[in-house]
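Labels A, B, C and D are assigned to the chains in the order they are written; within every chain, residues are numbered from 1.
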Amino acid sequence: MGQWFVAPILAPLSRRLVELLVLLFCVTTLLFFLVRLAGDPAVIMAGEGASQQDVAAIRQFYGFDQPLILQYVHYLARLARLDFGQSISNGLPALRMVIERLPATLLLAIAAIAMTAAIAVPLGAWLGARAERPARRGAATLVFIAQGIPGYVVGLLLIQLFAVELGWLPSIGDETRVSWILPTLTLAAFLVPKLTRVVATSVSESMNEDYVRTAAALGLSDAAILWRHVLPNAVLAATALLGTQFAYLFSGALTTEVIFAWPGLGRLLVNSVQVLDFPVVQASVFVVGALVFAVNALTDIALRLIDPRLRRSAA
Amino acid sequence: MTTARGVLPFRLRLPLRAPWQLMAGGIIVAILVALALFSFFAPPADATRGSLLLRFRAPGTPGLLLGSDQLGRSLGSRALSGLPWSIGIASVATGIALLLGTTLGVLGAFYGGRVRAAVGLAVDTVIAFPALVLAVTVIAVIGRGFWPIAITLGLSTWPIAARVARAAALGILARDYVTAAKLLGVGPIAILLTHVLPALLPVLLVMAAFIFADMLILESALSFLGLGPPLSTPSWGNMLADSRQFLTQAPWMMLVPAGCIVVAVVGLNLLGDGLAARTQARMTGMP
Amino acid sequence: MSALLQVRDLSVTFPVGHGTLQAVDSVSFDLARGETLGLVGESGSGKSTLAFALMRAHPIASGSIAFDGHDTVALSGGALKSLRRRMQMVFQNPYASLDPRMTIHRILAEPLVAHGVSKQDHGEIIAQMLRRVGLSDEAAGRYPGQFSGGQRQRIAIARALVLRPEILILDEPVSALDVSIQAQVINLLRDLQAEFKIAYLVIAHDLPLIHQISDRIAVLYLGRIVETASADAIVRQPQHPYTAALLSASPARDPSERRERIVLKGEPPSPIRRPSGCAFHPRCPIATDRCTVETPMLAEAATGHSVACHYPGRIKSPIAL
Amino acid sequence: MTLLSARNLTVEINAVPIVDGIDLDLASGEALGIVGESGSGKTMTALALIGLTPPAATIRADTLTIAGNDVLALDPRQRRALGGSVMSMVFQDPMTGLNPVRSIGSLLIEAIRRHQTIDAARARQLGLQALADVGIPDPVARFSAYPHELSGGMRQRVMIALALVNRPALIIADEPTTALDATIQAQILELMRARMRDAALILITHDLGVAAELCGRIAVMYHGRIVEEAPVADLLARPAHPYTCGLLTAVPRFDPARPRLMPIPGAPLPASERLPGCAFAPRCPRARDICRAQVPALAEIASGRKVACHFPEAVA
């Protein structure tokens, strides 16, 4: 063990880090100039019906009266110290508000990913193992149609069915365990059809690979071929997909949290956007970017650990 | 003897030998576009003006095929009036994403070195960021409206198009017949026009269908979050947002717009899938 | 008379990771007008890279290529384009080298358009060339997918010849074809050469095939020419042990061709980790300590027969001609 | 002792006979070469014997017995279980034939324990021995290696080790050296010659020379049928079928005179097309009316020599 083993695993991180820095720089810069383009930020922040003095005070407090380039430099300098300022609505530090909301979103995302994998991997394996059979072709079509149903519509349908019609489950997220069920299902609904199709495709393609033919020629049973030769490859494909789709999942979290009044980062962002609470918006966007970076980096490492071709290709 | 593969999928006679997905998807999308054009030029009146006497009518009520909402407005008409908005935004956004994405993707494939690295970094960076978060933030700042939403959605989706176009173009450029053309003295622009773009076209068509479906979903999600057209304007997302207060009283208020979105998205996905099967376009890099 | 193509100390490198890969290493040879030179070697010997370097489709690290007395290494733009008019290439796989979306007419017209041949003449030139490679006129209106592998390779040859080049590089021209079709294409190539007086550079791994069509043969190992001589001399009196091993490795197709097999140890090493001294020494049955440290230079062992080996001719030819 | 006997073996895909009623007989320890071009049905024959034809294919035969098993009467599980134990197969492409995410050792242990009830430690021993037997240097290190870490020649050795590890009575090798370089091909042929003495061998190849190296008897296939079958020396010295003659004259050989090759005109008939007569007739220099009207049967013309031709060359 030494550098030859660790280096190839950590190698992709440097590129990811560059991406993260570019991403954060672009997004924050975009926000800075958009806010200035959209009109006088002091007027926007003061809200409707604010007095001239209020606007002037805000303008001076946030430095909106200084030259644009100077504002930008100050802005970047504050960001470098992770200082996003205070929320306009309640005066709390923006970053702290965001960090406080983070666990709720993260836990929901982890639960949804676990549920996605638990549904999609067996379903995909079943669909792909004998893709040519009529029953499975029909089922594959259903999965395909399901992919057309937006996740948040699934959430509304679930509420309609389980909360309104049957009254079995609460429709609002609270402290109870059962309140997790519907939001988790909703968020999982964003990825289940996609992942199922990826696993099914990987399985059915693997079934036609030469190495499966080799295994069959050696007398291995269909079950052994599926479990030991086909699924390991499908799991790699599934892991890669979940890694790249985390950003998509986060888009889903935005609507899911609004529907279920979930106290997470997504709802905070939507609420802040609606009241134009820019410090909180900036902090949220910053944290989301960092989060996606962390997940992608973790996926890269995981893939390098479980895929022998990546693990030792450099050696 | 194998027959030559078609140059353009739409130049071929559709009905015979076309996969059923292509037929079904094509019909659904054609109907949607026709309805959108119809309601754009002749907007149904009872979409915005309802009668309070006709509140919460269940689907099937005479004159109200799909039922009515809390203000007695016809849900069918409202769904119809929402079409031009949704289809319009999705068209513009898809156009922007395809144009920008294909241009950058093909450039990244054609020129190696720094151009490819820069395009790659830009693509990976933007793709790593949740599109809805970006759209929500930008639209909140610059304001709602048709063009801001359409442009923002297009700009947040181009990397997907770029990635697919780049992968496809790289595959085409690596083929022997392109190398042969280079060695015959054919110039880069002629190679792009005669070899790369024709082979890329099926991939672009398939991709357009899938991106269009994604744009419909994103647009309705924005409306649902209150960032679409003004609340009184009919749009599928707005209708869904409205329906949430009346889930017990009038579940059809949710089911009608939800059904519209599902039919439209499934239709587009079927079209894309059918095109892919028909043209044997391989989509690499498409999520 | 000087050779049509003069290659001197040509090297081609690729960047790999932190280092460079020497794919072609100081290769020198001449090709005369109307002559056929066969390049034989295994995968990794650099034979295809050499072909692309000669076509100026790869950056050249060092060395010179003179075409008809003019250096081509520095060419670019229009001058490079006119070089391509005089030097063409046929690829191994005729299923990949023709654009499936183009008619045969468009495929054959492509080089004519690129080099500004008047459009009025296209029809006549193309019809003539199609007939010359054994296809009918109406082939022009069809697509590559409607032809068999052998016919496609005829089309690829027609495309390469449509500008009447003086040199044709053939990269494994028949190895993708069925055995019974190969001979048709080989005979066609010989006839075309006799008719148009083209020089061929044939790249192949199949020694009997190379021997069949080449005047001279150069054997490549790990990017270097280890032996070059007339086709018969290579087969009759191979000087390099690698050449002898290659000869013995090609399966006999005739019971009268019994031969003793020389089975080499190991596999061709990667050009990234080139062995010291003679690159062949780890696999050589007669290597000595000297071979591990001292790199043998290509030197003339007999008239027109050069070899890069410290102990040339120690292994006799396994082939009795 | 007869190891394999097939009568009227037919493989159809979408009602197209890819293999069209062939007879095969093989004694224990014998080596038979099946030679043909692409589309001749040679690979489908091999897949039918090992039971790995694609789902769309149907196999029919009057009899098909392998090592005493009436293969057609077995259920799919029993049929599969013959693979690896009674017979095994070496495929053409060693680059794709080994699972990329499985180590060499785990593949070997899996194959061994499928057919032998022994513990993992013993299976490991047998696996290491199998690697050593096929000439893989440092088997202990290679045991934990993954396929992508080995060269093409080494992978083909691993494929052979996998095929041999349970000591099957029959090995079917489909173009085992085609994807390899000349010097590596020589090594693998040498290895197969040395290691397959105990088992019977069916070698599928397009190269008469390769078949001649390893096999005592050769069957030449054209368009789904066996057109000629003979001991190797006889076949090479005095071919009887015009197609075999054509194959021999079409291939370059080391001849200082370098005579013009004598190609077979035309191209092979696509498998989906049928002719009322001999499938080779359109390319045959000796074809007459009867050749275009009537399919010639495979008939014995001399001891051990069979040919399916109305006008075969004299062989005596």
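By definition in this document, contacts are C-beta pairs under 8 Å (C-beta built on N, C-alpha and C of every residue); 3 or more make two chains touch, one makes a residue touch a chain.
Remember, it's a predicted structure, so these values are computed and weren't measured experimentally.
Taking the definition of touch as given, a chain qualifies here only if it contacts subunit A and subunit C alike; those chains are B, D. Counting C-beta pairs in contact across A-D and across A-B gives the higher total for A-B.
With centres taken as mean Cα positions, subunit C sits 50 Å from subunit B.
Between subunit A and subunit B the centroid-to-centroid distance comes to 21 Å (mean Cα coordinates, whole Å).
A complete list of chain pairs in contact reads A-B, A-D, B-C, C-D. Residues of subunit D touching subunit C in their complex: 37-38, 151, 153-154, 181-187, 189-190, 206-210, 212-213, 233, 236-237, 246-256, 258, 260-265, 267-268, 283. Of all residues in subunit C, those touching subunit D in their complex are 42-43, 148, 150-151, 178-184, 186-187, 190, 205-209, 211-213, 231-232, 235-236, 245-255, 257, 261, 263-264, 267-268, 283, 319, 321. For subunit C in complex with subunit B, the residues that touch the partner chain are 55, 57, 81, 84-85, 88-89, 91, 93, 96-102, 110-111, 113-115, 142-146, 156, 159-160, 163. Subunit A makes touch with subunit B in their complex at residues 18-19, 22-23, 26-27, 30-31, 34-35, 37-38, 144-145, 147-150, 152-153, 156-157, 159-160, 164-165, 194, 241, 244-245, 247-248, 250-251, 254-255, 258-259, 269-270, 273-274, 276, 281, 284-285, 288-289, 292-293, 296. The touching residues of subunit D, counted against subunit A in their complex, run 50, 52, 55, 77, 80-85, 88-89, 91, 93, 96-103, 110-111, 114-115, 146, 148-149, 159, 162-163.
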